[in-house]
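When the chains are written out, they are named A, B, C, D and E in that same order, and each has its own residue count from 1.
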Amino acid sequence: MLEIGTLHYLMVAAILFLIGLIGVITRRNVVIIFMCIELMLSAVNLNLLAFSRLYGLHGQVFALFIAADAAAEAAVGLGILIAFFRNRTTVNMDEVDLLKG
Amino acid sequence: MTPVATPFFFYFLSAVAIISALVMITKVNPVHSALALIVTLLASAGLYLMLYAPFMAGVQIVLYAGGILVMFLFVMMLVNIEHLYVEKMMNRQWVIALLAALVLGSLVLGALYKGAGSFPQQIVNHPEQTNSQEIGMLLYGPQTGYYMFPFEIASVLLLVAVVGAVVMAKRRV
Amino acid sequence: MTPVAMMLFAPFTAADYRLGAPLIVLTLFSLGILCLDLFLPARHKHYCSIPALLGLGVAAYGTWKIQQVLPASGALYAFFGTLVLDPMSVYFFYLFLAGAAVSVLISIRYLEVERESHGEFYALILFAVTGMMCMAAGADFVLIFIGLELMAITTYILAGFLRGNKRSNEAALKYLLLGAFSSAIFAYGLSLFYGLTGSTNLAEVGASLARRAATEPRNPIMLLALLTTMTGMLFKIAAAPFHMWAPDVYEGSPTSVTGFMSVSVKAAGWALILRVLLCGLYPLRVQYVPVLVFAAIMTLTTGNLAAITQTNTKRLLAYSSIAHVGYMLLGLIASDGVANRTGIRGILFYLLVYTFMNLGAFAVLTSLRRRNILGDDIDDIAGLVQRAPVEAILMLVFLLSLAGIPPFAGFYGKYFIFLSLIETGHYLLAGVAVLYSVVAAYYYLRVANAMFMRKPQGEGAPVTPPAMNLALWITAAATVLIGIFPNIFIQAANWAGTLIGPTGVAQIR
Amino acid sequence: MYNHILSIILFTPLVGAAVLMLIPAANKTLIRWTANAFALLGFVVSLPLVPWFWERKAEVGFKFLEGSPNNWIPTIGAGYYLGIDGISFLLIMLTTFLGFISILSSWTAIDDRVKEYYAWFLLLQTGMLGVFMALDFFLFFVFWEAMLVPMYLLIGIWGGPRRLYAAIKFFLYTLLGSVLMLLSVIFLYFFHHAQTGIYTFSIQELYHTAPLIPSVYGTTVATLLFFGFFLAFAIKVPMFPFHTWLPDAHVEAPTAGSVILAGVLLKMGTYGLIRFSLPFFPAVVQYPKVRLLMVTLSIIGIIYGGLVSLVQKDMKKLVAYSSVSHLGFCTLGIFALNGPGLSGSVLQQINHGISTGALFLIVGILYERRHTRDISEYGGISTVMPVYATISLIMFLSSMGLPLLNGFVGEFTILQAAYMANWKWAAWAVPGVVLAAAYLLWLYQRVFFGKVENPKNEKLTDLTPRELATFLPLIAIALWIGLYPKPFFEILEQPVAQIVEQVNHPKLYNAAAPPAAVQVAAKPANAQEAGR
Amino acid sequence: MYFLTHIWMVPLLPAAGAAIMLLLGRRLPKPVVNGICVGAVAMSFLWTVAAVLAFLHSGAPRYEAELYTWLGTGSGAQVFTLYGGGHAAFHVGAGVLLDPLSCVWLLFVTGVGTLIHIYSTGYMSHEGGYYRFFGYLNLFMFSMLTLILANNYLMMFVGWEGVGLCSYLLIGFYFHKHSASTAANKAFITNRIGDAGVILGSLTIFWLFGTFDFVKVTELARAQSATLMGTTIITMATLALFVGACGKSAQLPLYVWLPDAMEGPTPVSALIHAATMVTAGVYMVARSNALFVLAPETMKVVAVVGALTAIFAASIGLVQNDIKRVLAYSTISQLGYMFLALGVGAFAAGVFHVFTHAFFKALLFLGSGSVIHAMSGQQDMRGMGGLRKKIPITFATMLIGTLAIAGVPGLAGFFSKDEILWQAWSAHDGQFRVLWGVAFLTALMTSFYMFRLIFMTFFGDKRMTHEEEHHLHESPRSMTVPLMVLAFCSIFAGYLGVGPSLGGSNHFEHFLAPVFENHASVEGAVAEASAASEKPGEKKEEGGLMEYGLMGLSVAAAFAGIFAGWKAYDRPGKDVREPINAAAPPVYRTLLNKYYVDELYDRLFTGRAKLGPVRLGAIGAGEAMWKFDANVIDGGVNGGGWMTRAAGRLSSWWDKWAVDGVGVNGPAIVVRMLSYPMRLLQAGLLQWYALVMVFGVAGLLWYYLLH
């Protein structure tokens, strides 16, 4: 079997990142968009950990910070979403178009 | 500790992660998507383990699968999910978006593939047993607490998130 | 010292705390405000602004103390070298603090009209400033990223601070989603840089990249990392084609927050860009300049052209702020920080004057907010000179300054950009820039037209409590005085731009 | 006083504007008196300059120097540096004088937002004076741009029905020209640094290096730079085909605005050509193609302006287009590139200020009474307003260049200079003289002659003493220049000779022996770099 | 000598009068106005006489003085490069020059002027704007005297334009009459065309000689005659000057203003449009004689134009019915004579004719004024007739004038006209004999139409209305005395210049000789002409018989004209039968309509009338340019108004913003057009924004990785 090198992890991470990206730009549901962003950040973490294996633990710490950031973003984002939903009763991205021009 | 059947686990976990990620973005019902995301995240946690990052794997499981996803589910309950089923899943631009993303993806993957030699081949093996401790030392160590200051800032960040969530969620006075 | 205390304080020395004082002070004050808010009766909540201003003042004092101990030429490092205090950081600290202070001043009455909570608001502003300071003074990708996120998340909340307002909700949601999206891309780029260099420290990244760029300048991963990183950074300063969030978010956000965002947040983005592109990624300058050229031209075009037909003043100013970014990008294109610093100094000076003039404009807009009147449509400002001559004339000053008409401060911002472009032989870009400056004058004049040459639509003068007046006069005085006596400020910008560059962050760890 | 006379002249109107700010807007009478007092004061403080300057008129170079080339923004080598020579002296006197006349003429014409009006007007005055006084290009540019704003507001607020359009057009047009000029001058600034190691915007210093550009960068670059400057000035003058802002601005502006616009603002363009374009690019202006282009545009302007004036139905527009024609003479004189041409051009600028200013006042007087400028609305005004008709006739004649009135002196000098440069130029320009008579006399006939057929015109009142007071000094000056222009020529002789000398034999910077003035010039901006 | 050294007082006195009138005149009673204005001119006349006597006494060839430097500084610092490569300072002085030529002009201008002023006090006594009229008249005197006394071309031009202005003012004196104001404009603008020529001519002279001074120019021209003879530049200079002269002296093709100028009050016609101002062109050519003789081509042009104008105007005069218009055409015709004389090199003869013409034409105009006065303003001769009994003094004086102009021997006109005819015949070895023929025909016509005037006006049945007849009265003394004085002059002025052939010694020509001297060295043909006058004895022997023959012919022509006029018009009845109309109606109509020249000019040059569907001329060009200005230049700036309009039809939203945006603003339209796509991109859809970001990243990556 092939040796599993850094590249393999990077590929997986990139694919996950892209799937997240595709989700962000195609799905209508805001909640799912949030999830996709979480997925992207998680893919970044995978990248970092793959590199961390090459250089030392700094990458892991970085990943930890990104995870914390993801949590914070999720918390605030969902809070905003709820406030939004209260006023607009939708979480449909196509309907978030009050501001334009 | 040498991992057993590394390639198999790698491909297996990767496949699980990717497939469930695809499932996530193709499910109409956000609850299904959320569950698929959990699977992806758990699979990546497995990959983390393979990368000698047990602490991060744990964080991944606890924080994401345990914390964030539950929050997502709660929110889905709060926002009216019934009518979400019946609506269209994709927005109007999805074809062009998909094409753009595929172009971008092929460029990114191509770049990674071509640039694979840019990274050192030598792997620094960290003992897994002391992984958490060493991370702790990087975060708080008296002489090695290199990331202490960012860590403090991260704590502020989380505080802000709390404040933000409260501000956003509380009713008008 | 108890073990706990050791745990808390042992890694750092007193010097670290002195150098980190502004950040620490701000955090403490915002915590204090959050607590104070709990105990204040509802009608006195606006007193929270006093500790907020106090905190900003103390932080400024701390910055001043840092400035005193800075070596004549060189930088100080704190917290294991993650925080670098050099003239640029200090300069930006002052800028953030000034912007935040004025924003607080203009928010007091606005929040009362909107009947929103004061405590959280000021605390968040202070937190945001903390994050900005991390961005400006961070010497490590981790700190920079966390600082960026701290600022970003804070501003997401501030953008959506009017929970009952659909536009505010939408602005926050859009800002958050796109912000998080761009953060993810940014982080992806950072992770690749980590992979390429094995470090997150700017100096080490720079050194490593220099070696790599020398051997393989077209390394695909390096380019991928560069582009993704720049995407994140250009997003923060709202440069095209990553600018599209800005008009919507600026329009929907509370007006005082918009002012803050367009000024301080943007300045922080610039601090980030200068720090990253000129220190860490300097070896890739050959590679990133075309991106900047592309972005600059796109930004100038979109910003200026789209602003022309706007009917919402806030939106117009949003596009104009995009356009201003285009000018500053030109400065970065012209200056490499080694042979030529004029452009960098120009950017720094531009940010200084932009802080005051744009905040001033938003202050006037904020003062127009009354019950039942949003005050951000161009009709709302019509005939302002007859309702409130002072505000109108101040607004005119700000607009002219934004348009770059001497003797107002804004002229010098543009002037230095042109200067750097001519100095380095970018004549074509200079030509484009001046042509767009004429276009820009057109849409600013439209607002001026409305204020001075149309019949008043509403009635009654806008209410300007003392805090608002103070903000107006501070910004106006700065706009005019910097315009008439720019020398000391030019010197300050020169000083701030002296060290920034590939050699600036030299010794770390 | 003696050393600060320029600053005093410059800032008196500004002080006036500030004082006006303190008066409550409702007290219109007080505002009017104050504004007029300051306008008069602005003129009065400039009067001592006349004898003082007269004594020193033969001195070479700029006089009444004040400030230094780098005392303002040492970091970039810009200074608050004022000084005048004969050319600027005359234009300054014209500005203070016309400023006073215009403000006086607005007494009843402006009744809406009086305070603002006077404040902007005084501010405009300061801006215009600054343009003529600045010896530092940076300072010049600041004033050049700054004075756009009050003018823009004057047109936009107190103007006619299409004032918004006109105001913005005026502003953008001028701005477009001036930003290109800024780029060009930055180039000169760096070029000066490359040659001498000194960063400075001092005009006198740039005189020594700018002419070197063709030899260093070649003719193309020099020509491009020349056009960078030229565009700014050509738009301001305005030369054909950059003139279209002018009729709009003139027609829509309030009377006093038109007076100042025609009387002073347009002169900034010609002043710029004389002060910058010629000395900075002596080689370029002598390229046959460039010079021919300049002259051709001037001549087209002369004929074109005249012909278009002929068919105007709006009095003000007619006068506005006549300005295009007159200013064509001014630029023709400039590009004749000889002493009399420049003298004549400056003198013609003064004349145009006086005559066309008066014409706008004349139109304004009717407009104030009848609120229309349509020529067909009038007729037979001579019968009801004889004094007015007489004064109008004198100013019309002055404008069309009748000998013994001012217009002729300038026009003839220019024609002669152009003739001596190339007789065909004069031959082409001469029809402009005929056309001037045609459109002005036809206008006079349609407005003043004939029977009073429109009943609305029957009750028109003749000039009030205040209105008369605005005209008499203008007529006096018109006669003075027409009968005895020698003092003006004498004042202009030295500066003009210097410019001609600069054009023909520029005194260039020589690295081995730099001109004496360079040694006292700006310190390099780098000196500020290290310190804070 | 005092009067000579202060000769500048001569123009200044009327100037003072004019200033007083225009500043204070409104408040002054008529006698004071009379006193000041007539007094000023009369004093000016007396001063002139004194100065001329002093001048004659001094024996100097000329008196010249520069009063002050007018243009330039006088320092000589500003120099021009001249035609020949030399340099000359930019300098024009205000100076006076009194030499024989200016003496002649000064005398008759002030003299006739004084008479006409006196006449006007009577003629204008019932008019409004009395003070204004006299103010203008005085101003005119000032300008005319400046013109005459000037010592250089530019100062002359001052007077030149000044008289044009006064002519304008006085023609437009009845400004409420549309025809009057139009005529005034026509006069001024046509004159301006000529003025342009004068400017160019003077400039060319300066280019050649580096000075505007008459004396210096004359000296230099004579000195350099060998090199300059017939060169293009001297031809150009003289032609340009002649264009000016055509304008002022109403020669083809610029004569059109003079007939219309009769809209002014009659004394004005007499003073300005007959006696003085219109002779300014002659004066200038005579003044520049040294140049003109160097340009034979120009001289030919002058002669031909003069002759053509003479016959052209005379032919129109044959059928005109307005009494003043007849006189106007006759003036043009006589001016043509003068130019004919100048053109053939007989400067002195031309000047002599100016001199005599001044008296009899002034007399005729004033007489016609008296007639009109008597007729209560009626000017159409068809409405007159049989007036000789009612206004005998007018009749008598006018008859004298008519006889003079017709060239009846013994009167002033005979001598001067005959001199011209003889010069035309003999000059240049008879090259111009065709022109003599033309002039001869003209003389015949002149005599005919002048007597047509006399017979239609004073003989035959009364054709006026009853009311007019009732008011008929002889004019007051203030009017008749000048008439008588002028009649006296019309008879005897000619004796000043009686040629040798008639036994005189031509004092006039001798007096002028210093001005016109030295032609001999220039050109042989001219030498003969002047030799004829200088050495009468020799000349007489050569061409004596011929001269008497020609003289007889012209006298015969004069009488033939008188006879024909009497036959045709001294008839009873209310109708006037026009013999030409009877013989050839188309010719009559053409003449009556003045060869349709005015209409032609209106179509071709002014553009007042359209030529078919198009408007040509200045107004047409102006309109075309105005359209160009509004549509093309501005349109170009506006980003193409047509684009806006076309697009406006395409979609309504476009129209909306284009029309009611914040003003359809200038250069911004293009920009605005671009602005809309920008706004459409900003559709508010978040994912679109994200997608744009993806585009951006993907595009850049593409560029970087695959480029």
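Everything below uses one rule, namely that contacts are C-beta pairs under 8 Å (C-beta built on N, C-alpha and C of every residue); 3 or more make two chains touch, one makes a residue touch a chain.
Since we're looking at a predicted model, the values are computed, not measured.
The chains that touch both subunit A and subunit C are B, E. Across the two candidate interfaces, B-C and A-E, the one carrying more C-beta contacts is B-C. Centrality by Cα centroid goes to chain D.
The distance from the centre of subunit B to the centre of subunit E, with each centre set as the mean of the Cα atoms, comes to 101 Å. Note: centroid distance subunit A to subunit B, computed from Cα atoms, is 6 Å. Annotation: 64 Å between the Cα-based centres of subunit A and subunit D. Remark: subunit C and subunit E have CA centroids separated by 77 Å (rounded to whole angstrom). Each of the following residues of subunit B touches two or more other chains: 91, 93, 97, 100-101, 104, 108, 110-112, 119-120, 146-147, 150, 154, 157, 160-161, 164, 166-168.
Residue numbers of subunit D whose C-beta contacts span two or more other chains: 164, 168, 172, 176.
Counting only residues that touch two or more partner chains, subunit A has 6, 10, 17, 20-21, 24-26, 33-34, 43, 50-51, 54-56, 58, 61, 65, 69, 72-73, 76, 79-81, 83, 93-94, 96, 98-101. In summary, the structure contains touching chain pairs A-B, A-C, A-E, B-C, B-E, C-D, C-E, D-E.
Within the complex, the subunit D residues that touch subunit E are 162, 164-165, 168-169, 172-173, 176, 241, 244-245, 304, 306-312, 338-340, 343, 380, 382-383, 386, 390, 397, 402-404, 408-409, 412-413, 415-417, 419-420, 423, 426-427, 430-431, 433-435, 437-438, 441-442, 445, 448-451, 484-486, 489-490, 493, 496-497.
For subunit B in complex with subunit E, the residues that touch the partner chain are 91, 93, 96-97, 100-101, 103-104, 107-108, 110-111. Here subunit B touches subunit A in the complex through residues 6-8, 10, 14, 17-18, 21-22, 24-25, 30, 33-34, 37, 40-41, 44, 47-48, 50-53, 55-56, 59-60, 63-64, 67-68, 71-72, 75-76, 78-80, 84, 87-94, 97-98, 100-101, 104-105, 108-109, 112-113, 116, 119-126, 131, 134-135, 138-139, 146-147, 150-151, 154, 157-158, 160-162, 164-169, going by the rule given at the top. Taken in their complex, subunit A has these residues touching subunit B: 1-12, 14-23, 25-29, 31-32, 34-36, 38-39, 42-43, 45-46, 49-58, 60-61, 63-65, 67-76, 78-83, 85, 89, 91-94. For subunit C in complex with subunit D, the residues that touch the partner chain are 72-73, 87, 385-386, 389, 396, 400, 405-407, 411, 415, 418-419, 422-423, 427, 430-431, 434-435, 437-438, 441-442, 445-446, 448-449, 452-453, 486-487, 490-492, 494-495, 498.
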